[in-house]
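Please find the structures below.
You will see subunit A twice below: alongside subunit B first, and alongside subunit C after that.
Entry: the complex of A and B
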């Protein structure tokens, strides 16, 4: 084992490794809430980049099924849930998205209207061919390994199946002369090759026989499922699950045929909308590509309906933290992934039940963090008001020497409305600002301010904080681990030998890695559609919230690391709604409904930066108390500031007082020099 | 004992003010180290690694702020690794040299078999280095040039060569023109001497520095304007903004101002005999270059990068001729 290798170097490992390695690395924890994936019925598996969609869909592949059996490992699902065979298509790797790179019939006046028909036909042939590959794989290997879903792969049965399938009307005669299984596969393969040859500009025309036998999307897949059962190749209760992965690629088509993307989505929708009892589709898609605007069927005005046509498994929803931390599945999932990565790299993880905690520790206590920030000049942690009595100033100054966090909280206490009396009568311990909830709600804001006043970046470390910063996204978690491990490797590079002990990584080193990862995720925002605009918005909002929270001297608004807008306002401006929805769909912002504190009781929604961005923007990641309430005009003002054209009256972005009220325009520039370093 | 390098850098990264910048610089340094810096020939073999040298280099200075400035200098170094030089060899041949040859033989678009004519022109040209720093064999191999047994450097020819023998060789070999190449040209002194030696042989001369400093480029242009047979055509002409010289440029970035002071302090801290070795605080002829080639560090580069003595530990120690 080479200890210099970072176990987290490859972020997308489960997408690139072979089936045998997949068995070693797959974490079953995510399955608890994804049972629908193994039950009959169509499923849309959605989540932001890196949420684990492809990893889950890979579980449906026959190669993976066989690899589990070969390794003598229990398949992650059993009983009724395991009675399936899987096949499918990855829209990128199959090159389906190459449709649109070339007109099929340049002389046809409405070529772009007929291209989706060919796209659907290609999907049919690819999927059917893949079903047969699954039958072969599971038939040959599965019987040998005694897999109970193994098809009957005897030549007679398969030939009977092939002849029956070929006679189905859905092929429009293209398979009419098929007499056995072998020639069926050859014919299917030949048609796929014809398509790819044409799309790659290696032939001048598409075969005329193809133009005359275009199949209707979904029909051949239904037919193959029906005949597999009828002819006894698979048992009646064995489900056929068809994966369609990277559906979001259909929203990214560029160039001449950019307008075809929505039509291709409609083609896929049509297959799903067939509600065929013989076939269940599993569509893997990023959040932004699956929305109400794109659910129409090709060629009709009908559209997919959730629960009627499909169920949704929202991985983001499953993996993000809810109010009840005990039901949060992500920590176990992440811990298992962590352990498997280390074991895969050669570390001995036997008997280590809490490996993530062993390596990252619990993280620093808030008081220790404050002391770390304050260093040798802890008085920097507090700001004294000139009007305060000397005795109170002296008390705070002394307290800061031993407990800068308590001193900062005491300072805030004295600044809060109706609590100023404390400055005249210095209390004895236990101090009122140490009361459980008051203190807990303000800890992170106080620490953020102390770090800033002392010229330090915030320290992030320990298992809990790494999990929280991951925001329920396994890719973010692995990325954080990658940078933390990288930072650690740099500190031991001269000492590396054959010592293969699992390390305990110092908090200060973890923090460096976490800051690197945070910046990396901030820079990644630009990678997707409208990323430049979204990144500008995130940058603007991040800087604005950081300033608001820093300037809040009484710590009255510890929840202002997020903002809230009424649904009325949100629905009142399509441009605002689109930017916010886009930012959420791409994972830049997290959103949630919340109960309003206002008398009008209007429903509201709140938004926070993705927690992994918090270190980059020097913001606390913990959500507590009320977010910052803003109006439609205010957010329009933000958007104007970053060059987005929005409606409404021209407004100036307003600073807020440390009481949370908007101040008059004419205040000092929002991002001007604020002299915040003492 | 000084603080370990990683602890030092990590502490800088945790600072609110300069932390984000140092984090970015560190990322670049790590990448450059991995991709390029380990290629430096004078430190191959049993020699401290780049990271060890970096630690010692920063520790040349006590003041932490100055150490950070030095650290920020590293990504500004223009390091030419073997792959980069190979690209320059090819670019020189396919652009500077090809264009010149086309002009020389008057090749036109409508000419029959232009490739053959160009190959003939190559065959009747003599590609030689100006100094032994230029790896002329690699230039020949990469560009598939053959048919020339001798490829002497003209600095040595000027010193030891016989003009008569050279003339005979030119005649015997059917050479119609000379192409002089150099990997890095700083002040242009050696280039000037070599070209002045070549001109009297009475044939067209093309001078192709792969990388040249502004001061050297001026010399090259002057040579060309004074000698009708000389064409000066560098591949990369470095801009003045990438140099740290004794006089500040009005638009230079603040870091360069800090580094100027460090360079002067470093020079002043050297014993007189060592000061002679490095010429000035900004290197030979005060060039102030930031170029490092994998083969060696030019003496035109800031001495604080390459100078080695008990008083200063270098980042890229220079293998000196003398």
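Entry: the complex of A and C
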């Protein structure tokens, strides 16, 4: 074992790691509340990047099932739940989303109405081909490995299956002359190649045979499931789970191509809406892409209904902390991931039941943090008001020497309305500012101010804070661990030995790593769609909240590390709503409904920075009390500051191109002439 | 090149003098950058302009809009002074469909003569890759020269809000099942936005080859190394040491790619970040090999993406690359 290797170097645990490594690193804790994924019925699996969607969907892949069997490891689900064949399609990588980039029939008056039919046909052929690939994989490996799914797939059986399938009406005769399994796969593959050639403009027309044999989305998939069972390739109780990855890309198309875009989602919805007992769809998507506006079926007015047509597994919802910490599943999940990573790297984890706590510890107590910030000049932790009596000033100054946090809280107490009397009569302990809730609610804001007044970076450390900063996202957690471990490796590089003792990482070292990770996540915002705009917004909001919290001398607004907007306001401005929704969807902001304190009782929503960004912006990550209430005009003002055109008094009417892009109003009439030489 | 194919390139004026072509049909771009008219300026002086069609990519509304409008006005004035292209200036939104992009070049081919000059200086990669592929497919084109103008400097922020990873128009996967990718060529640029996500699915099995433009101006040099550093951090095992290639030497880049892919026998994908000249070489290879080219297309370009035109004496520094001469393709594998 080489201790110089960071066990968390590999951030992702998706299709990018080998199946064997997957078996050793996968944590079954994520399966809590996600069992529906292995039961019959359609499932929509939602979550931001890093929430574990791909990890879960990977379990459905035949390669991973084989890897578990080959490694003699128990598959994370057993019994009835493990009786399935998985297949699927990635909408981006398969080029499915390229339909619409060229007309299928330039002479057709409503070409955009027929494009979705071909899109559906393409999905069918791709998925059916992938099902057969899975059958091959499980058939070859399954016989020797005694998998639960062990198709008795002799060549004769497969040939019988192929012939039976080819005769099904759903193909409209395209497979009529198929005589064996091999030619079936060749025919399916050939049709997909025809499509790809056409989409690349390497053929002028789509094969006429395709036009005459377009299949209805979902039907061939149902047919293949039925015939696999009927002909004995798979047993009756084996489910077929079909993954549809990157569903959110379909919503991106809607932004670009207004007319055609929504139809793609409707086609996929139609397949899901078939409620076929033989086939269950698994749709992996980010939250924003699955909403009430996009549930209509293609060609009808019907739409998907939750619980009737599908169940939702919302990983963000499952893994983020709720009011009741006891029901929070993320700590066990993260702890298990941590243990597996260390074990995979060669550390001896036997008998260590609380490994994460062992390595990171409990973290620093708030009073110790304050002393750490204050250093040798603790008086910097407080600001004295000139009008205060000398005795109160002296008390605060003395208190700061031994307990700078208490001194800062005392300063705030004295500044609060109706509490100033304390300056005239210095109280005896227990001090009023030490009262449980008052103190607890203001601790983090006070610490943030002390750190800033003393010119120190805030300290984050310990298991609890690392879990809280992770925000229920396993990718963020692994990234935090990666940077903490990296910082530790830098401190011990001269004295690394071969022993496999698990380190205890000092709080100061942890803090260095956490700050690095926080900045990394801030920079990473630009890597995703519309990232620069979102990053500017986050930067603006982060700086604004930090300043407000720092300037709040009485600590009256400890909840102002977040902001709140009424739903009326939010619905009143599509640009504002879109930016906030985008930011939430990409994990830059976390949102939640909350009860208003205002008399009008209008429902509101609140937003906070993703906790992992808190260190970068020197903000407390803990949510407490009331967020900052803002109006629509205020948030519009923020957005104008970062160059986003929004409504309100300064709005200008903008022209829209046929691509749905908002074009600069000045340019539409700029070149009234087309520049042609006269 | 000894023993190989001679692929002439050099300053536009010099190349034009060497080719026995009286006049050129030009497909260019009315952009916000000053260099967008540099090749047109050189051609105007040489009196070898024939037909011309320019496209204008309407700016998406952004914080740069006002600046973009001013810059487009300025460049329009320059074009008026130099003489407007015969077929005018056609708006072509950045996210036009592949068919719309292709129709533009088809329309150009209808009016153009056999000698075509494509100026890629201000054309987004999303467009010029498709243009080149289609022009090379046309038997009507006897001579094809691609030009690139060097600016005086680049902005700190070049572009914003890139899209998720997609293939460039006409350069998507066209084989099924997809062949095993052995190599990924990445042009080293200023920003690696979205690139780690591109390479994630391939990182286990693919050898990532970084093409590093060299020499580069001092500030660009630092940004290029940041790009390499970022990739190495995210993809440690697969990223080979960067290959230094001449920043404007398209034939050199093409040769490197040919050699590493064993003349196309190893399946490669491309990510054309970095200078357009390097991208041009990738494009020419990908056309021949049928390779997939991925890009994270920005939605907003800084109108001051570059400023000024680098000049050698009075003449703009415009490089010209002979791609087809006398009906013979020079970039083949």
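Assume the second predicted complex is superposed on the first by the 550 of 678 C-alpha atoms of A that agree within 3 Å, B and C clash if a C-alpha of one lies under 4 Å from a C-alpha of the other, contacts with A are read in each partner's own complex, and residues count from 1 in each chain.
Convention: contacts are C-beta pairs under 8 Å (C-beta built on N, C-alpha and C of every residue); 3 or more make two chains touch, one makes a residue touch a chain.
Keep in mind that this is a model prediction, so the values were computed, not measured.
*Asks:* As a test of reading the superposition: which chain, subunit B or subunit C, is in touch with more residues of subunit A?
*Replies:* Between subunit B and subunit C, C touches the greater number of residues in subunit A.
*Asks:* Between subunit B (first) and subunit C (second), which, if any, makes contact with A:199: first, second, both or neither?
*Replies:* second
*Asks:* For A:9, is the partner it touches subunit B (first), subunit C (second), both, or none of the two (neither)?
*Replies:* Touch status of A:9: second partner only.
*Asks:* Just subunit B (first), just subunit C (second), both, or neither: which does A:92 touch?
*Replies:* In the superposed model, A:92 contacts subunit C only, not subunit B.
*Asks:* In the superposed arrangement, does A:644 touch subunit B (first), subunit C (second), both or neither?
*Replies:* Once the two structures are laid over each other on A, A:644 reaches subunit C alone.
*Asks:* So which positions on subunit A get touched by both subunit B and subunit C?
*Replies:* 677
*Asks:* So in the complex, the part of subunit A that touches subunit B is made up of which residues?
*Replies:* 451-452, 454-457, 459, 487, 490-491, 493-494, 508-509, 511-512, 515-516, 519, 618, 677
*Asks:* For subunit C, which residues are in contact with subunit A within the complex?
*Replies:* It comes out as residues 30, 54, 56, 58-66, 68-69, 72-73, 76, 79, 83-90, 93-99, 102, 160-167, 169-177, 193-194, 196-197, 200-201, 203-204, 236, 299-300.
*Asks:* Which stretch or stretches of subunit B touch subunit A in the complex?
*Replies:* 4, 6-7, 10-11, 13-17, 19-20, 23-24, 27, 30, 51-52
*Asks:* What part of subunit A is in contact with subunit C in the complex they form?
*Replies:* Contact set of subunit A toward subunit C: 9, 12, 14-18, 92-93, 95, 98, 100-103, 189, 192-193, 196-197, 199-202, 249, 252, 256-257, 526-533, 642-645, 654, 657-659, 661-667, 670-671, 674-677.
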